[in-house]
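Next come two complexes built around chain A: one with chain B, the other with chain C.
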Partner chain A sequence: MEENKTANDTMQTERTVNPYSAKAVRRALGRKRTGELLILFVFMLFFYGPLIHAFMLAFANVYQAGDIIPSEWGFHWWSYILKQQNIPRSILNSFLFAFCSTGLSMLICIPAAYVLARFKFKGRKLIMFSFLIGNAFPKIGMYTAIGIIYYKIGLMGTFFGVLLIHMLGTTMEMIWLPAGSFRSVPKHQEEAARDAGAGPVRTFFSVTLPIAWPGIVVAAMHAFIGSLGESVGTLLVGLPQWRTMMTEMYGVILDFPATAGAVFAIIIVVPNMLLLWIMRKYVSADTMAKGFKMG
Partner chain B sequence: MKETSKTNWKTTLFIIGALTPAMLVSLGLVVYPMINQIIRSFKDPKAGTFTFDNYVYLFTNKVSSRAIWYTVEISVLTVLLTISISYLLAMYLRFSNSKISKSIGNMYLLPRFIPSLVAVYAMKQIISDSGFLNRVSLLFDENSPLYNYKPGMLYNTKGILFMNCWFNIPFATMIIVAALAGISESVVESAQDVGAGKIRIFFKIILPLSYKDVLIAATFVFMSNISSFTTPYLIGASQRKMLGVYLREQFGRGKYEIAAATSVIIFILCSISAVVYLYTNMKEQAWEEN
Partner chain C sequence: MDDTIKLSVINMTKLYSNGDGVKNVDLDVHTGELVTLLGPSGCGKTTILRTIGGFIDLTDGDITIDGKSIITLPPEKRPTSMVFQSYNLWPHMTVHDNLEFGLKLRKIPKDIREQKIAEGLSLVKMNGFEKKYPGQMSGGQQQRIAIARSLILEPEVLLLDEPFSALDAKIRMEMREELRKIQTDLNITVIFVTHDQEEAMMLSDRIVVMSKGHIEQQGTPRQIYDNPVSRFVAGFIGEMNFLDDGTGKQIAVRPEHISVTKGEGGILSGTVRTVMMLGHYLEMTLDTDKGLVKVYINSDQADEFEKGDKVALNFDHTYSYNKE
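Let's turn to the complex of A and B:
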């Protein structure tokens, strides 16, 4: 930006045409195009810049003060991170909690989501809202509230205690989104199956579930990613017995060199990106936005 | 008659059976801890008797009362900042069909899948005083005002707001884009045919049809920022704390009654915005039913 401005100034004083000046660019692309490119530029710089920069740092063996590009590339900090005592164990723990909390909440929530989508009964909206509260209401307030109870009943620092904390987040995800997709299954298709003689269970598994499946998959992915990313709750009730990648990351950010932190950041992000890539067909702004409205 | 009453009985049982496990989780993890927390916030730590002292302390103590106002201030500023930027971005994504707009549309959701800690870490390496921006500024001529530019954004309000924009703009944009997608092209076009200008179309058609979803987005942004912990903990100032950081501190010191009262205050701040959310949602439902 600044460079362009000064270039523009010199162009005006010297009366020569500079092909890289802001004016020349604008003339070549048209005003609208320039504006759009500017939006793209700011967007990329703000949202993706930090991530790309962290990616670069992870492969920097030597990154001295004042350097823009590292002076030596390599995997030095990868071996440094993987040699840390707690880190491999924390990676394992993170996946353990993510699998258990996603699986359990699927078992618990899918029937509930189906009932909430298909049947009209008193208190339905209240129940929907109560699931929303758990997720939208201050997480840290909920965690301390649960933590105090954990101290009383001895769940502090236990596997089950941490698992429940993770389920607090995954439950709402697994109710609202699947309820939305169950609602969008055309009723007459279910009725047709019933008329053809299929029982309710068979209708559910061979008609309803296949149609609603994309929504459930997206919800499960959200739950899994949410559980992998859960940090504050585990920090409050899990430490020091149960450490996950996220609780280790606090320490890594505060105590380790920046390059080591970047390596760990990539290790944390890769599973999310893989999942997102696998599920890319199902993920759209529309399906996600639906989960935040009451139906 | 017999047949229907039998199926009704079965259906009721099925509804109860399907809902019970999920309700137990929600009761055990949300409702019971919340009630427990509210009761504890009115207890004297030593005698266990009823008292307002915990609240009086929170509002009169210098550190905690500043934390309350600071948290509200940050949350309101974040809502204003993110909603206005998101609205503009969403309008651009909705009403432009260019390649650039489509590619941004494909990319803007990604930050929602980056764990907050990683994002804070990555941003910290850019905006710290010896971070990437500073390193780039060293390329300038020594006499240039840009030489050795220090963003000065870590450990203060600016840094928190900057980071909050990163977290909340994708979410708010997502909600608003979904709302704007519901506005049909033909409505806008027919308004254009009648000769309505862009500004008029915005205030007469687009804004009235989307303000409810804007309110929903604002509610969620407000709620998530009232209780934010990671961002202020890692890049906020140590003298001016947000409530989340203060709460964790009290919890860590074993001052459970003060911690309980703090979280009740957080709950109340959120309920105010939850009422807005419920109200707009209910209104919308009533409108759809008619």
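Let's turn to the complex of A and C:
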């Protein structure tokens, strides 16, 4: 009896003093939460601030640099931008290049990605790595070198010349992620198809490709958006014959107030947003992670 | 089961580039027979199965089905069908489409296809699952579908590579019983791979015990249990006590072949260490001067023995092996 009482007492005291008691933990967590929220807020401001600012500017008729809110709202610069002669044509061109470069690089890269994923051969990792190196080069240096070659073989200012520049970016996008997706298709599922009577080609189209498809779609979306955003290369080898939204943007920024640039930025962002929205079911941390394994 | 030979593996050798593999495998499987390849992990069971299925080339030897060599045929041309341990089903297809895939490739008309799919599903008790995707089913259900998918293609030989080893004990038991029933009902020829000796004993017409890339012994479960030809087989199949006899040989004796009486004497004397009740029989562990010995006794003798009792052991049947 006596012993029991002491045990009970100890428990009682612990409940009030114990730093790990529920109350203390909750209090501590509360303080931590506040800190986390603050960090999140600063991050959001950093991330979305410029976007919101651009959005606001796009609907400003008059804006003085330094002001927080425009002194006059309206659609003045929208009508101005849309009346520019070159602009509808440049939008069309942007999509033309994006479609062609993404489509062509899919045709080339999907088989290549499959080979890189499934067959072990000497230099496989080196090849995979070299696709990253391509991104490490300063683009402008590469384009200058390409420009010299283009002059020699007469590709300067041609559709095909610009397309090649765009494909430089899209092919890189279309190798890594799809190779990762192919690698994550269990071999047994391909073997089961062979076993059921399908030849290698049918197995690829009926089993391997559909299972790897989400990763390929995400890669294609990246490639497409990348091509829409390509500017420097197009500027160097395309002008004046081939203008895209991005190259026109340079002109707009140089020649007109920031408000015009903001309108244009939104025009460019809209298709990207739409694409991301349509493809959202394919974009998951999982598909992305699969793509970035060396394997 | 009848006497005609369905499948022959003739002096087959498969060596991987690192030197691992299987050597000089000879195996005949009769029509309607269920043969189990049994052995510890890494002994080459999967290698044999995959050479039969056509997924790996052999280094030497031949494989015939109905007397005709199949080793030059790709997997899609072989009259075999394989079920793997997992990841069998195509995740982007419904159960129905999984089953239909092979039938379509065989250019079977739509109405017969549907009929066969329905038959296949009822064989494995999975009616009503047509519209489900593999991801919506349990592991056991997926394996049933995988087996149905193979069965409806009516292969000459069905190859099963540890198909139940990823499943829970209870489901594994059910699946074994069902497989055995389907196999005898339809009289299909099956090669079943497992590392689980109990599973092999339950299922098989014949067991092929393998060790380190070669066949140790072939025979019915009874033959192998009663007459293990080597120390390895004796240790792998069933319970066995091994006792050094001091001349470099080992005496082997099964727990049920040891009779125990209280007191002194016998071939060997010992002390009771543990007594465990296992339903209709008891398992006792005895300390002897040759090491620990396991014995089974009837449960009506349960009250006779207690921990610490001195006991005398006599052997009804023993084996003798060279020490490994």
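Observations, loosely collected:
By our rule, the second predicted complex is superposed on the first by the 249 of 295 C-alpha atoms of A that agree within 3 Å, B and C clash if a C-alpha of one lies under 4 Å from a C-alpha of the other, contacts with A are read in each partner's own complex, and residues count from 1 in each chain.
Operating definition for what follows: a residue touches a chain if its C-beta (ideal position, glycine included) is under 8 Å from a C-beta of that chain, and two chains touch if they have at least 3 such contacts.
All values derive from a computational prediction rather than experimental measurement.
After superposition onto chain A, the partners chain B and chain C occupy separate space and fit alongside each other.
In the superposition on chain A, A:249 makes contact with chain B only, not with chain C. Of the two partner chains, neither chain B nor chain C is touched by A:62. By the document's definition of touching, of the two partners only chain C reaches A:195; chain B does not. In the superposed pair of complexes, A:210 makes contact with chain C only, with no contact to chain B. Of the two partners chain B and chain C, it is B that touches the larger number of chain A residues. Once the two complexes are overlaid on the shared chain, A:278 sits clear of chain B and of chain C alike.
Of the two partner chains, chain B is the only one touched by A:129; chain C is not.
In the superposition on chain A, contact of A:42 is made with neither chain B nor chain C.
Applying the stated contact rule after C-alpha superposition, one finds that A:92 touches neither chain B nor chain C. In the superposed model, A:115 lies in contact with chain B only, and not with chain C.
Chain B and chain C never share a C-alpha pair closer than 5 Å once the two structures are laid over each other.
Contact residues on chain A toward chain C in their complex (touch as defined above): 186, 188-189, 191-199, 202, 206-207, 210-211, 213. Considering their complex, residues 53-55, 74-76, 80-82, 84, 86-92, 101-102, 105-106, 146, 149, 153 of chain C touch chain A.
Those residues of chain A lying in contact with chain B across their complex are 2, 36-37, 39-40, 43, 46-51, 53-54, 57, 65-68, 105, 107-109, 111-112, 114-116, 119, 121, 127, 129-131, 133-134, 136-142, 144-149, 164, 167-168, 171, 175, 225, 228-229, 231-232, 236, 246, 249-250, 253-254, 258, 261-262, 265, 268-269, 272-273, 276, 283, 285-286, 288-290, 292-294. Those residues of chain B lying in contact with chain A across their complex are 11, 14-15, 17-19, 21-23, 25-26, 28-34, 36-37, 40, 92, 96, 98, 100-101, 103-105, 107-126, 130, 132, 135-136, 138-139, 146, 165-166, 170, 174-175, 177-178, 181, 216, 220, 223-224, 226-227, 229-230, 234, 244, 247-248, 251, 256, 259-260, 262-264, 266-267, 270, 274, 278, 281, 285.
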